[in-house]
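One chain, chain A, appears in both complexes that follow, with chain B as partner in the first and chain C in the second.
Entry: the complex of A and B
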């Protein structure tokens, strides 16, 4: 008995030293390659650290030290970070933009928590979150000084665009995916044509049309604010792609499940709601996370239609005589901000995947 | 029945005709006054010296100051200028769709823009031509020596066209590479991806002086590819608004000519040295009525932003990081090309 147990139990975990020996230093060539690449990596890390930390100049007041500095000039970030974060938003009112940012981030984080995953809680959360953002940024409805949307900018605008596009686009995408499966040819064909039409246009064209061409074609009272036109167009674009992601999820579900639902006397809506959609979401999850991450990065495209998003305000941050040589530092800072958000999003995606695997077991 | 119809038609006709009659002087100026702000063009980022953003997140630059001057002339307060960020490609559609009232954004006056795009241009307020900058170690001094080289330009500007035309004229084979952003273009040039960098002369000079580590490693070639008159662009069909823009620019030039500055404008207005100055500053009434403005518009404008020379020096010249010579952008009496119409 004991013999068998010894045989069945897993082999002892190799120590770190053993792993290193077998993986990195097994032969002479292996050892040589390991040493060479390790040295190279260390050298590159040293170069990066030397530029970013050791030789760098810090603090907004030490800008005049920058031309002689060996490394990065972080003074540009110290002096101009408010421009990068808030764009053209009036300087004294930045606290409002900060709070608005927080409300959007909080909304997104909260809607990621399983507690909020019912239609009522989720919609209540979004309405509250977006209303808070809008009221803080615009100001006039709650008696604060009015700030028109063309002054919105920086990180707070990027986050707002991203959150509204995803939150509007996700239900629209589901709607389109369902409509595409409709038994009425008018609806399914119409939606297929719409999806294929919008997917065959570049995002830039779609946004340019919404921002610039629509006001020329439509009467004045139909214009709305440029930012809403762009968000709606962007959300439609997102929805068309997301609809295809959902379609993949639908196709993974066997016809038998629908038939079983009908045999049990469930209504079509209940079959969707209780049997099909939960599985569709699970199947569509990796593609969805992908779409969301790509959309976060794609918001930068609104620079072309004159929005002062985080990348545009970064451009403005190094766009004066004194800061012009330090664009690399500004881009590094913006890159770090992007990385923090996108890395959190993808980690959240991993968490969801693990959670759903548990559910499937 | 017919009677009701007739009176209805008459009412509609009245409703249509009345606003037109009231706005006959200038629909644009009327709209600006009703709105209480002037919508000017900004930039999606910054364009050295012309459109920038300062540490307090406020717009500044030569073009921005001209917009503030215009706003003061119409509305009496420079802070009522509303700057709408626009990309280069977006500026003309934005003007046509009414997103902005006027484009003051380093925009060259070309025939295509004047005719096909349905724009109308003001007096030129700046002259700058396309030029080429090359790495000094190539030993190039003029464009004919760029045979087989790579020239980088900013996409969607007149420079692209000008360089292509010029290189064709002097019969130089070259590869043209376009970049959307000035910073990308700069980086590509510095990384030796292009032999030459085509841009607007003042922009190249600013870049060479402030941004590039060793200015001596770069030469601005002697060829003057173009001399572009830079002017404000407006929608076709509102002559009175164009008149106003022209006289706004003229007033800034006349003020410089007569040494009227931000600091001394009130003194001079109280005690004008000659009839022209008296008319300009409204000490002798008349200048306001002709444009449908207040008699003191020019005086308020100069008090707010200064004369043209002050605006230039603040943004591009000696009081700016760029220290750009005035050159062609001086008054005619100082060897430049800037010329104001007569104030009679």
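Entry: the complex of A and C
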């Protein structure tokens, strides 16, 4: 047998010079565009670097240098980063908030590993990660000093909202997707109406309803904390979108597979559990990651209904007279935090999508 | 009796009956509890409050409102604000998006890098953070006394942008908008590609538009009033001219920049989805580069884009609700202030939801019509 690679070799990789000739200087117009826009980019990069690095003031103690500085005043971040990251959480307990954030981030990173890609392992991982977060932040069940949810804030609150919405919303989404596929017309119609209704309203409306209207609809003893009401509403919103993602996954499965399962004498439940759902999850994976990314971004709007998330703590960080002029630095810092989370998650999603298209060929 | 339950059909009916009963029971309990709660707070239910005056002003409106305006007028102003910032945002985001999408598929490496950087920066930061950012920048501009002049006709300050204003009334603006829509519709009907009328339909439409504009400008006004009022610095603020508030500008910029990144990706995807073979076929038929774009590539790409674009438009429209965070009085903000002030929570939430359903189904309806127009007509059909 001849080695296939020896016969069919990949075309030689074009050299850098060739790439430049074909993609930057192919025609006269092309060359002109390349030169003009390259100059523009370099100028912008220079301006940005000059502001952020060369002309910048660093360190919390050098705040008095800031008014004369040419560039950024990073002292505001150095001095106020604890407020931005942890909000009003008691200062001496910040280590707990840090560990709690780490446990959520670790949960997200671990769920990216193929080892965890079974429903059982993934749910176990998320429940453990979330429980670790909750116990560390709240403290009382494991004998630490109690910190109530109204003192949670900053990045740790943002991560908490994100994790609890995904954790609650995912099974709800699956339930809604199954109910929408139900053969019982009353159930599938009712669920369809619910999904379409929530999807055509802004998220803010749903959260606002949970915060303001639900207390009117429920007896006093059922109100619960505002934060939990909002999380449940947010999870419902997530579930309505996620149900549509799952529905796409269900549609990708051939009817013959159900019939084959029945012919083998499997119960409806076993067909779902062993044959259909594993494939649905696989097909729905890119859409699911997209939803997770969008959810992370959307948590930012809870500031409007009065939660002290990372955006609110950022506004507070430059809210005092001394730091008022340095809003750019604070927004750059917070924007960077969001960006790192969202960019890496969405890049991972793109990678999976590429991998799956290759596998499907 | 129990034997009946063993059959499939009977069980199906039972489950559905239970689900229905549970839903209705829940709804009934909501209504009863809500009534009791509202009675305890002494709030009268019903829409009578819409006639009461609000007692609070909003800082931006297309129609005249003041703190003496009734609730229904204030809510209308809010809905119009949402529509204004939403539709303008959609239009400008589409422009940016088309530019970004084309840059991303161009063969030029430098342009690619610019497009990709733009998309990756602005798509991956929450919209509301971007709105805060632009708002902070706009409100940290110099005060009106040291405003930045723009070619001596406008001034940019931390109070917003002031421009010379045409002295026209709101009624004129409305008439102009309605007339424009009518003329454009007529021209589109007449000027379909390939018909004989298509050559003069559009120039005629332009002439009609110009005539309408002049007519509205010259009629129904006091002859002495100046056509144009220029902004003038008086004391600490500008008087006269047309003022664009920083809240509005910041929200518009944020929606444009953020939406542009998403629409850019949709445009790029649309163009990439066009089958290479069709372009080659067009070339083989002897079409020139421009003709290939006009008759093959763009129509095909547009068809591929439309469903995603429709979703994105609805999404952006809903996203205007973050205006409340920077103080732009959109529909959501007006409703939420009304709830705070009047306590008519249930009625106002119903109006809020109704308003958004109306707007979103409106967008969906228009996009479906466009989609139906553009879809490849099946010969059998």
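Just so we're on the same page, the second predicted complex is superposed on the first by the 325 of 361 C-alpha atoms of A that agree within 3 Å, B and C clash if a C-alpha of one lies under 4 Å from a C-alpha of the other, contacts with A are read in each partner's own complex, and residues count from 1 in each chain.
We take it that a residue touches a chain if its C-beta (ideal position, glycine included) is under 8 Å from a C-beta of that chain, and two chains touch if they have at least 3 such contacts.
As the structure is a prediction and not an experimental result, all values here were calculated from the model.
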item: Clash or fit, chain B versus chain C on superposed chain A; value: clash
item: Partner touching more residues of chain A, whether chain B or chain C; value: C
item: First (chain B), second (chain C), both or neither touched by A:82; value: first
item: Touched partner set for A:192, first chain B, second chain C, both or neither; value: neither
item: Touched partner set for A:279, first chain B, second chain C, both or neither; value: neither
item: Partner chain(s) touched by A:321 [first = chain B, second = chain C, both, neither]; value: first
item: Touched partner set for A:290, first chain B, second chain C, both or neither; value: neither
item: Touching partner for A:203 - first (chain B), second (chain C), both, neither; value: second
item: Chain B versus chain C as contact partner of A:304, first or second or both or neither; value: both
item: Touched partner set for A:213, first chain B, second chain C, both or neither; value: both
item: First (chain B), second (chain C), both or neither touched by A:38; value: second
item: Segment of chain B intruding into chain C (one of 181-189, 289-297 or 325-333); value: 181-189
item: Touching both chain B and chain C, residues of chain A; value: 208, 212-213, 215-216, 303-304, 315, 325, 327
item: Sites on chain A touched by chain B in the complex; value: 79-80, 82-83, 86-91, 148, 150, 153, 208, 211-213, 215-216, 226, 303-308, 312-313, 315-322, 324-325, 327
item: For the chain C and chain A complex, residues of the former touching the latter; value: 12, 15-16, 19-20, 23, 30, 33-34, 37-38, 107-111, 113-114, 120-121, 124-129, 132-133, 136-137, 140, 314, 318-319, 321-322, 324-325, 332, 336, 339, 345-346, 349, 352-353, 356-357, 360-361
item: Sites on chain A touched by chain C in the complex; value: 19-20, 22-24, 26, 30, 33-34, 37-38, 41, 183-187, 190, 200-205, 208-209, 212-213, 215-219, 297-298, 300-301, 303-304, 311, 315, 325, 327-328, 331, 334-335, 338-339, 342-343, 346
item: Chain B residues within the chain A interface of the complex; value: 42-49, 52-59, 82-87, 89-90, 93-94, 96-99, 180-181, 183, 187, 206-207, 210-211, 213, 320-322
